[in-house]
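Labels A, B, C and D are assigned to the chains in the order they are written; within every chain, residues are numbered from 1.
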Amino acid sequence: MKNTATLLISCPDRRGIVASVSHFIYQHNGNIIHADQHLDHELGLFFMRIEWNLDDFNLPIKVFRQQFNKIALKFEMNWNVVMSIDRFKLAIFVSKQDHCLADILYRHKRKELNCDIKLIISNHPNAKELADLYQIPFFEIPISKINKKNSEQYMLKLLKKYEVGLIVLARYMQILSPDIVKEFPNNIINIHHSFLPAFIGANPYKKAFDRGVKIIGATSHYVTDGLDQGPIIEQDVIRVSHREEVQDMINKGRDLEKIVFFRAIQWHIENKILIYSNKTVVFN
Amino acid sequence: MKNTATLLISCPDRRGIVASVSHFIYQHNGNIIHADQHLDHELGLFFMRIEWNLDDFNLPIKVFRQQFNKIALKFEMNWNVVMSIDRFKLAIFVSKQDHCLADILYRHKRKELNCDIKLIISNHPNAKELADLYQIPFFEIPISKINKKNSEQYMLKLLKKYEVGLIVLARYMQILSPDIVKEFPNNIINIHHSFLPAFIGANPYKKAFDRGVKIIGATSHYVTDGLDQGPIIEQDVIRVSHREEVQDMINKGRDLEKIVFFRAIQWHIENKILIYSNKTVVFN
Amino acid sequence: MKNTATLLISCPDRRGIVASVSHFIYQHNGNIIHADQHLDHELGLFFMRIEWNLDDFNLPIKVFRQQFNKIALKFEMNWNVVMSIDRFKLAIFVSKQDHCLADILYRHKRKELNCDIKLIISNHPNAKELADLYQIPFFEIPISKINKKNSEQYMLKLLKKYEVGLIVLARYMQILSPDIVKEFPNNIINIHHSFLPAFIGANPYKKAFDRGVKIIGATSHYVTDGLDQGPIIEQDVIRVSHREEVQDMINKGRDLEKIVFFRAIQWHIENKILIYSNKTVVFN
Amino acid sequence: MKNTATLLISCPDRRGIVASVSHFIYQHNGNIIHADQHLDHELGLFFMRIEWNLDDFNLPIKVFRQQFNKIALKFEMNWNVVMSIDRFKLAIFVSKQDHCLADILYRHKRKELNCDIKLIISNHPNAKELADLYQIPFFEIPISKINKKNSEQYMLKLLKKYEVGLIVLARYMQILSPDIVKEFPNNIINIHHSFLPAFIGANPYKKAFDRGVKIIGATSHYVTDGLDQGPIIEQDVIRVSHREEVQDMINKGRDLEKIVFFRAIQWHIENKILIYSNKTVVFN
């Protein structure tokens, strides 16, 4: 298993950032295995992801945090460092459609996703079978206009109890209220079954059919308070023609949703995503 | 050169349509070389395109029209028949950006498009050079708030004079007023530089950049009175990432626009498109 | 559940085929819901797929076969007719890699594939867990140089016993000997993990990596005696770059393999494929 | 116009490379605007591209070369540095098919390609018209078995005279002999009209048709002595079906060829390509 640290940085663009950061890591005997950077010319912002091997690195991460802070202050950096051995703790939310859930659980079992899936929450009982099969704790929490506040309080309690760091909405057809969203800023990933910003909201395949588009898509994005408005992580598309009825689009779309959703989760747990201006930088 | 007739039909779905039509053509010694059909189950509508060789066909088209009308009446068909020797007469409208124009002119010269390009109309002088090179009559007709009505009257006169049957808007950045649109129903093709219905109107690449999409597109559609609302003929897309700035998207998009626009024109002049419910059936 | 018949025809091109066939169906009160045809100009061959509703059709299929034979003889047709209620009986062969198997089993359970999966055969024990989960009979039949002949005889016995009509090789890493292939002509579908005809045989991702291609693919094809030489049913591709090592290609490729394999099986069991000249006509 | 220098490096992987290089540039007041790197784990090789603004850089490039050499020696680097103001000098070779030529000339005129096109060489007279239109010197140099040696000597003389640094083969259907190839190592770009390594050599669309593939492609690569064996720079693909005959594939393929060829040339002249192990690293 790999033993690396990953540093994610964003700061105003200035001379010497790369030199300072790479020198610091070199000084402490770190061997850089990946480095990527991005410059937003318009906003004058610099972004960097740097991953290095910890095998011969001579600073404990705690000490690294203290010492690196000097560089960070000098360049006014937003930054954080994560270690590959600290696995993400996930909660999966799902409603009736379980293809994204099934896909994630299978990939997780086959080690395509290096994270811990702590629990599954659904407003329907259907997913229990899959949860049992993969031995993940399952909680059915129905949502109605009346109980929504209580239900979400219960969810928050569970998320806390299981120390969840990332929520993924695997076709969860309820809108999370701001109370939950604000507890997981940039840590809730949704899969929307359209090529955003086209066809926001419910029944996007029906809308796509009615508009007569020749290509349909799927979009994974971070959840914010605006419906389907959060930073887009990944999108993919597939051709359709007049021969495809709504149900055919739904069928074709499922395969898109699974892959787009998986990629977004994978990049997130590999710390490859930086967010700014309601957009993502994906260092993949 | 091929010598065929193409029959396009739409009518309520009923038993015996294919049998009647194909029997009629067979009876008169026509050899079918392409046939395609489509059934809209929801609306109960049937669509058909049938193309046959005229070499041994024993009915002049005039007579065909009279005799086929009996079948058409029986099945309540909307229909029309066109002959491959009747070439479409095109007008190309363009503004400053000339990549779609240049592409169409080159393809036309290399015989990728079997039609006659009768004239080029622009609200800017730039395209004159290309028009001269390919020896197509060029008319610069500036558009301002004040002269728009007159300018469009002049355009209509030119379109009439040159017997134009199809207008193609090769990045023409003016909105045609309903006076022109209603004279060419389903005979004006536009290329819009976004993946419709996302990013309607001006500056779609800027809007795409601001929204942070991971894929950009281009859309060719028939022009109706609603801005970018007409039936979609073709779309295509290309991936972008955080590295692409607006200008990079514009550059990448140009290649999409050229191909999507070309395909739409080609299918139209090959009589492969049927329109209904603000959608297209493309028999390609 | 739909109740249709599908007629697949190939014959020398001649006037009157469509008229005769469609008239025959109309005469017996069949309502055509799909019809598609293809003409190979070079070889002068005509292909047709026609599907009609049986609800009001006034010929039992047995009688249909007898009566249609007159038309078939006249036009020298190869033809067969299948009914939607007659479900395909499948055997899945698999080795260690089980992603295609898992995908097919999940889709089958969710009714994306209308067929019966009768048994799973593997030269490894791994797939038993999935087989048990979906309650499909599982047979581990190891293959070695010494036992291959016996093992395949046993397979043939099982295939006969379960009345299997279609074998699908879900990453089965053994070469079927001609004894099996000849028993299932055009009824064995393989998924090959490359964009054929590039990278035939073992380790295609390694070969793709070594050649430095920028796009990798997957191919589903019918199995013939020539290794990876059979008629191609479907292919799909995905971009790679210098950043992808062999294992990354394997990971990305898995998603291609699943989708390409599924499509091929689906089209086969929906009787949408005609085979000639070592190629496929896919009426989808 | 931008005023930057670009440094391309390859060397054995070792700690401190990024730190040393970035520190050196920083020291001399260079502001890095792009940096990208790649590590081939298997071979233990490190690759880097770094581009910085020269506006405030306090070393003339001549001096930079001398001083940077110390770092280069320490890390055993292969390296070179180029300045954005030094434009590439191109020769375009073409045969009868002129779509790639026309595309490149149009893009060059519209400033999509920042290079100088010094001359066009063809074994046919056709391209003279385009050459005249864009006012590029044109040389018709017929090739036959008998005159090939002399013709190529004449070509070499012309290439020398015009100080050509990059040859691009825009569908040039002759094989360059090793005499020319060895004079332009990694500086000849070809466009091959197939998805290599499938369908090497002549008539790839015919071969693709015969094999019944469902996707066709185009490949741009550097020319080496092995036919279509050189390092691949870029590939792209498009779907085909049984409906496409060879000529349709040729038509569809043309659009691929133009785009793939353009991208390869663009990346080359922007110094974004590193070559090793008969593969390319494209830092785009």
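The rule is short, and it goes like this: a contact is a pair of C-beta atoms (placed from the backbone, for glycine too) under 8 Å apart; a residue touches a chain by one contact, two chains touch by 3 or more.
Just so it is clear, the model here is predicted, and its values are computed rather than measured.
A comparison of the A-C and A-D interfaces places the larger number of contacting C-beta pairs at A-D.
Among the other chains, the CA centroid farthest from that of chain D is the one of C.
Each chain gets one centre point, the mean of its Cα atoms, and the points for chain A and chain B are 42 Å apart. If each chain is reduced to the centroid of its CA atoms, chain A and chain D end up 37 Å from each other.
In chain D, no residue reaches two or more other chains under the touch definition.
Those residues of chain B whose C-beta lies close enough to touch chain C in the complex are 13, 15-16, 18-19, 22-23, 25-26, 29-37, 39, 239. Across the interface of their complex, chain D is touched by residues 38, 41-42, 195-199, 211-215, 217, 231-237, 241-243, 245, 277-282 of chain C.
Those residues of chain D whose C-beta lies close enough to touch chain B in the complex are 99, 102, 106, 110, 112, 133, 251, 255, 259.
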